[in-house]
Amino acid sequence: MTQPMVSPKPWWPMEVGFFLIPVAAFFLFPLHLPLITEMMILALFAVSLDLVLGYAGIVSLGHAAFFGLGAYAAGILAQQGWGEPLSGLVFAGAVAGVVGLLTGVLVLRGSDLTRLMVTLGIGMMLFEAANKMNWLTGGADGLQGVMVEPLLGAFQFDIFGHTAFWYAYAGLVVLFYVARRLVHSPFGLCLRGIKTNRLRMSALGSRVNLHLLAVYTVGAMMAGIAGGLLAQTTQFVSLDVLSFERSAEVLLVLVLGGPGRLYGGIIGAVAFTVMHEVLSGFTTHYWQFWLGLVLVLLVLFARGGLLGLVDALRKRAARGTASAAAPERAA
Amino acid sequence: MLTVLVDGVAYGMLLFILACGLSVTMGLMNFINLAHGAFAMVGGYVTVIMLNDMGVPFLACLPAAFVLAALAGVVLERTLYVRLYKASHLDQVMFTIGLVFIAMATADYFMGAQQKLIQLPEFLRGRVGIGDAQISYYRLFIVLLCGLLAVGLQFALTRTRFGAQLRAAVDDGRVARGLGIDVSRLFAVTFAVGSGLAGLGGALGVELLGLDPTFAVRFMIYFLIVVAVGGTDSIVGPFLASLLLGIGDVAGKYYVPGIGSFIIYAIMVGVLIVRPQGLFARR
Amino acid sequence: MTPILETRGLSKSFGGFFAAADVNLAIEPGIRQALIGPNGAGKTTLVNLLTGTLPASAGTVFLHGQDITRLPPQARVRLGLSRTFQINQLFPDLTPLQAVVLAINEREGRSHRFWRAVDAGREVVHEAMNRLHEFGLDTVARERTADLPYGRQRLLELVLALAARPRVLLLDEPAAGIPSGESGEILDAIGRLPRDVTILLIEHDMDLVFRFAERITVLVNGRVLVEGAPDAIARDPEVRAVYLGEEAHV
Amino acid sequence: MKALKFLTAAAVAVAGFAGAAQSETIKVGLILPMTGPFASTGRAVESAAKLYMQQHGNKVGGHTIELVVQDDTGAADTTRRIAQEMVVRGGVKVLGGFGLTPLAMAAAPVAEQAKVPMVVMAAATSVITTKSQYIARTSFTLPQAAVGIAEWAPKNGIKSVVTMVSDYAPGIDAEKSFTEVFTRNGGKVVEQLRVPLANPDFSPFMQRVKDSGAGALFIFVPSGVGSAVMKEFQNRGLAEAGMKLIGTGDVVDDDILNQMGPAALGTVTSHHYSAAHDSAENKTFVSGYKALTGNRPNFMAVGGYDGMRLIYAAIEKAGGKVDGDSLIAAMKGMSWTSPRGPVSIDPETRDIVQNIYIRRVEKQDGELHNVEFDVIKDVKDPGKAKK
């Protein structure tokens, strides 16, 4: 059964182990649950961007549009009296997905810069729209009165964040599993093909645009669900879920972790959040300086994010004495 | 009506000076430099320090802002940017965002988080009436200065040897190298000039746009819009795009204040859907 | 016999300049036909018109009697018109096996399946390995494409085009870039192409053309100068003047 | 992960140490925007809070006060998360800070659920204190500030006004209450402009104001943005066209007023605090603040200073009981003399009751100051008084 294998052999034990880490964290850091919950939501958001960027090669500076749409969709639904969380999440994903499908048509062509700016523009327009639609979104003051019912009718969202933690954890695991199946499927292979050589893909008869649109929609849905998770666990939605900063942050998180490998999003989210937390613990005012320094050094000495760094170190270890970093730096 | 137009033009011209360096960096070096605004911020703070703390006249601050920002540009280009020309766009984005963070925290540390203000010299403060429109001297000054700079840049680009080399390098870097053009020196000089212009723009902008440590990111979106809409293969494109954006933004806020900020994004997305390479690109 | 690929009055103008002018081709099924012409004769333009990369200014293209002039490139591929590129168009980060599986998935319309793993398509993987084996690439099936020697990559280009199961295959300078001493492998491969695939060979290299072609079309300044059997073309004074003569000087 | 472990360990260590000292350590958690566009607000509140502790020591009623400051960068979900963590981690007994309305709103459910008092030291939308029984405020509300100038203007020859406010809750609060009071007193609001919160250029709006031909411009923008407005007002020659500039004190924030230059001279605003307020308490406050930061304190700073004072006083009054209910009960009705003048906490709304001063920008000792020349005493928040 080992031959013939198209994909690299999945390393199930390690992956399962990886997803047990949050469970361990639950018991090890019981006082940091809100932080870890936020981290997991950010990770899910970053994984959704990875589908779009890492696998399909669509550079986006407006991914927060879908995160924010999901957050508002779930938030408004709960505010209007439908407080059941799971259906709220589905609704969040659906709303974001529909908008992803509609706007996805616009990002199919053009260079990196063009896509960057079109996604940014769409994101900013949504931001402005949410700001203006005071009656629906609460405008710049945020959405008040989000009442979420107990999860499965039994688990109240508590002040210690226990329910929120397991809820976000389940969301992350389930959607990560979906994303993982997706990238290892024929569709995922097709996306990698489109990303590396679009011309060849259309010469193979591939409906390139259709596939890109599909993955953009899926990415939007996942981002929407991540947004919905945030709205339901914090029971509050404010305009900054749609902001440019949030789009830039998730891009940063993904690039930090290493795009195009799913785990990059998660690793990036953990690294970013921990760095932020620790640095701002040391210096409330100037943590940005150190974060900036880390980013700069990382790019100078380790391309491909943290996972890229791990790869480089592994290669170097395998090669023994020869320096693995040297040829990379020469390039 | 005329006032709105002149305001728009002045705003647009200022944007052009701020953004034109970025358009060259992106077009020539294919480098996504999100830290461009940081150089503008350098120029702004240079002006604030010299004018407020050292009592240097405003007009003398402008060249100093240019020179110091250019210097900062060339040092960073030679030491750091140069290593990343071949890196992926994403690495460049992460690197330059890192630089922005550093720049903002540094500015905060030395200059404080609050807004910095300057007092213009007396002769730039008044207004002149044309018909029933009132136009401030300072805006005329900006239009004039930036207009001259734009003409000068266009001249330098089309009529000088340096400009010819630059255009050759934009069209095809490999061929340019083959012709014996020292591309890396060309890059350094261009980067310095671009950063210097941003610095000058920052200095001129303190009065109109305000200055605090978030300056480095606050206007980045506008710069990117200018570059994306204008295209990257000439400076005429970004120039026209800046004017369009400036006038559109000001007029939008004047006539339909309710959706003012919506307009520029709508324009941009519209333009890019129809012309993905930019409104004024040749290809 | 009805031609499998046919053009009528096919033209393409850029501004006032005609890169292809009133081109009429009629290619018989199963034939090995070559398209030659000096630099700037419009060969590349013609290929792009046939594959649909460029829209035609005038005229029609028929594939097996069906008008495909307005179809986008990928639709033409699905109707059986496949091509190789003069400059390799491969997936540097994928393995040859992955690339061929990808090509077969596209052909079979499986590329939208997103739930089952790629590996689950056993018959696809099987076919891919067979195709790689046919061209001696099975030994490197799991290496990164970018790490393969150039000649091997050139073969993979051919395998990918064939994996679409074309009825007509456009070969755009298949031996380009391969040092003449090492071109044996690719020449063999071209020679072994199945007879049920019609081949249109766009080529510069006269040796290659006269070795394989059963019929030759000469293109000059966007127009068909002459068409005929190889020996007729070789003797044609006009062709010698504009093309072979020029070639001889180089 | 290691870092988190370290933090937890540190927290445990601190708690252990405090226990050993046999008197309870009461943690006060300030959540403020310390970076980003609203950083100056956060810095001012933090500095003033620290100043209060410096002046009054960290011991009150046998307890030791420990101040914890965290940066929420101005993002509401971060504010909420930090609030939740501060409370859950056990240490924090009182929350404070809150630079902007949405940030305060986001944290309100945490205060309510955890029964932890939450002292709003900056955000100024009227409704905030209604969001939880545990919220008290030491800053001000916009209706409070706006009403002063709305009373003053019609009596001083200003009959028609254009309002220009930042488009978010405080701005709308200001617009609403100003318009209401101003019209009731016989004034006329010609046009109402709302400018985006993040707005790089005021010139088109200002041109509109000018074209309206009104007698005065009423302005509210968040602290820090005022200078741009002021410049535009002058650049357009609105003053020469006979238009007056009035507003709440935010636009002539003491923090940057002096840099605004002659453009600001003559601006009349109503507000609860001026660094030029003439009292012994204020002199101590101003000189202490200057020594600590090198800057002049502004109204954000006084909110932070009084916020700490309220917390200290509540702890003292509540005696040994430092649970949320006792503390908030102690805060209700509390009154003291602040650097801004006499203030008290309304026992019903837990909002601040204070004097609103009418001030004019003048030059004093070579610096620009808001010089108070009239006062409306003991103003309750009109935003809630009506309901």
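Letters are used for the chains, namely A, B, C and D, taken in the order the chains are written, and counting of residues starts over at 1 for each.
Here is the rule we go by: a residue touches a chain if its C-beta (ideal position, glycine included) is under 8 Å from a C-beta of that chain, and two chains touch if they have at least 3 such contacts.
These numbers come from a predicted model, not from an experiment.
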Q: Trace the shortest sequence of touching chains from chain C to chain D and report its length in steps.
A: 2
**Q.** Identifier of the chain whose CA centre is least distant from the whole-structure CA centre
**A.** A
Q. Looking at A-C and B-D, which one has the bigger number of contacting C-beta pairs?
A. A-C
Q. What whole-Å value do you get for the distance between chain A and chain C if each is reduced to the mean of its CA atoms?
A. 42
Q | Centre-of-Cα separation between chain D and chain A, whole angstrom | A | 36
Q | Cα-centroid distance, chain A relative to chain B, in whole angstrom | A | 32
Q: Provide the list of chain B residues touching at least two other chains, using ranges where the numbers run on.
A: 104-105, 108, 258, 261
Q | Per-residue multi-chain contacts in chain A, two or more chains | A | 128, 285, 287-288
Q. Can you list the residues of chain D that touch 2 or more other chains?
A. 35, 43, 196
Q) According to the definition of touch, which chains form touching pairs? A) A-B, A-C, A-D, B-D
Q) Quick one: in the complex, what on chain A touches chain C? A) 4-7, 181-182, 184-190, 192-193, 196-197, 199-208, 210-211, 214
Q) Where on chain D is chain B touching in the complex? A) 35-37, 39-40, 42-43, 193-196, 198-201, 203-205, 207-208, 210, 224-225, 227-228, 231, 234-237, 255-256, 259-261, 295
(Q) Which residues of chain B touch chain D once you look at their complex with the stated criterion? (A) 3-4, 7, 11, 52, 104-105, 108, 112-117, 119, 125, 127, 134, 136, 138, 207-210, 212-214, 218-219, 222, 249-254, 257-258, 260-261
(Q) Using the touch definition from the top, list the residues of chain B that touch chain A in their complex. (A) 26, 32, 80, 83-84, 86-95, 97-106, 108-109, 221, 224-225, 227-228, 232, 258-259, 261-262, 265-266, 268-269, 272-273, 276-277
Q: Under the touch definition given earlier, write down the residues of chain A that touch chain D in their complex.
A: 21, 25, 28-29, 31-35, 38, 128, 131, 139-142, 144, 159-161, 230, 234-236, 238-241, 245, 270, 274, 277-278, 280-281, 284-285, 287-288
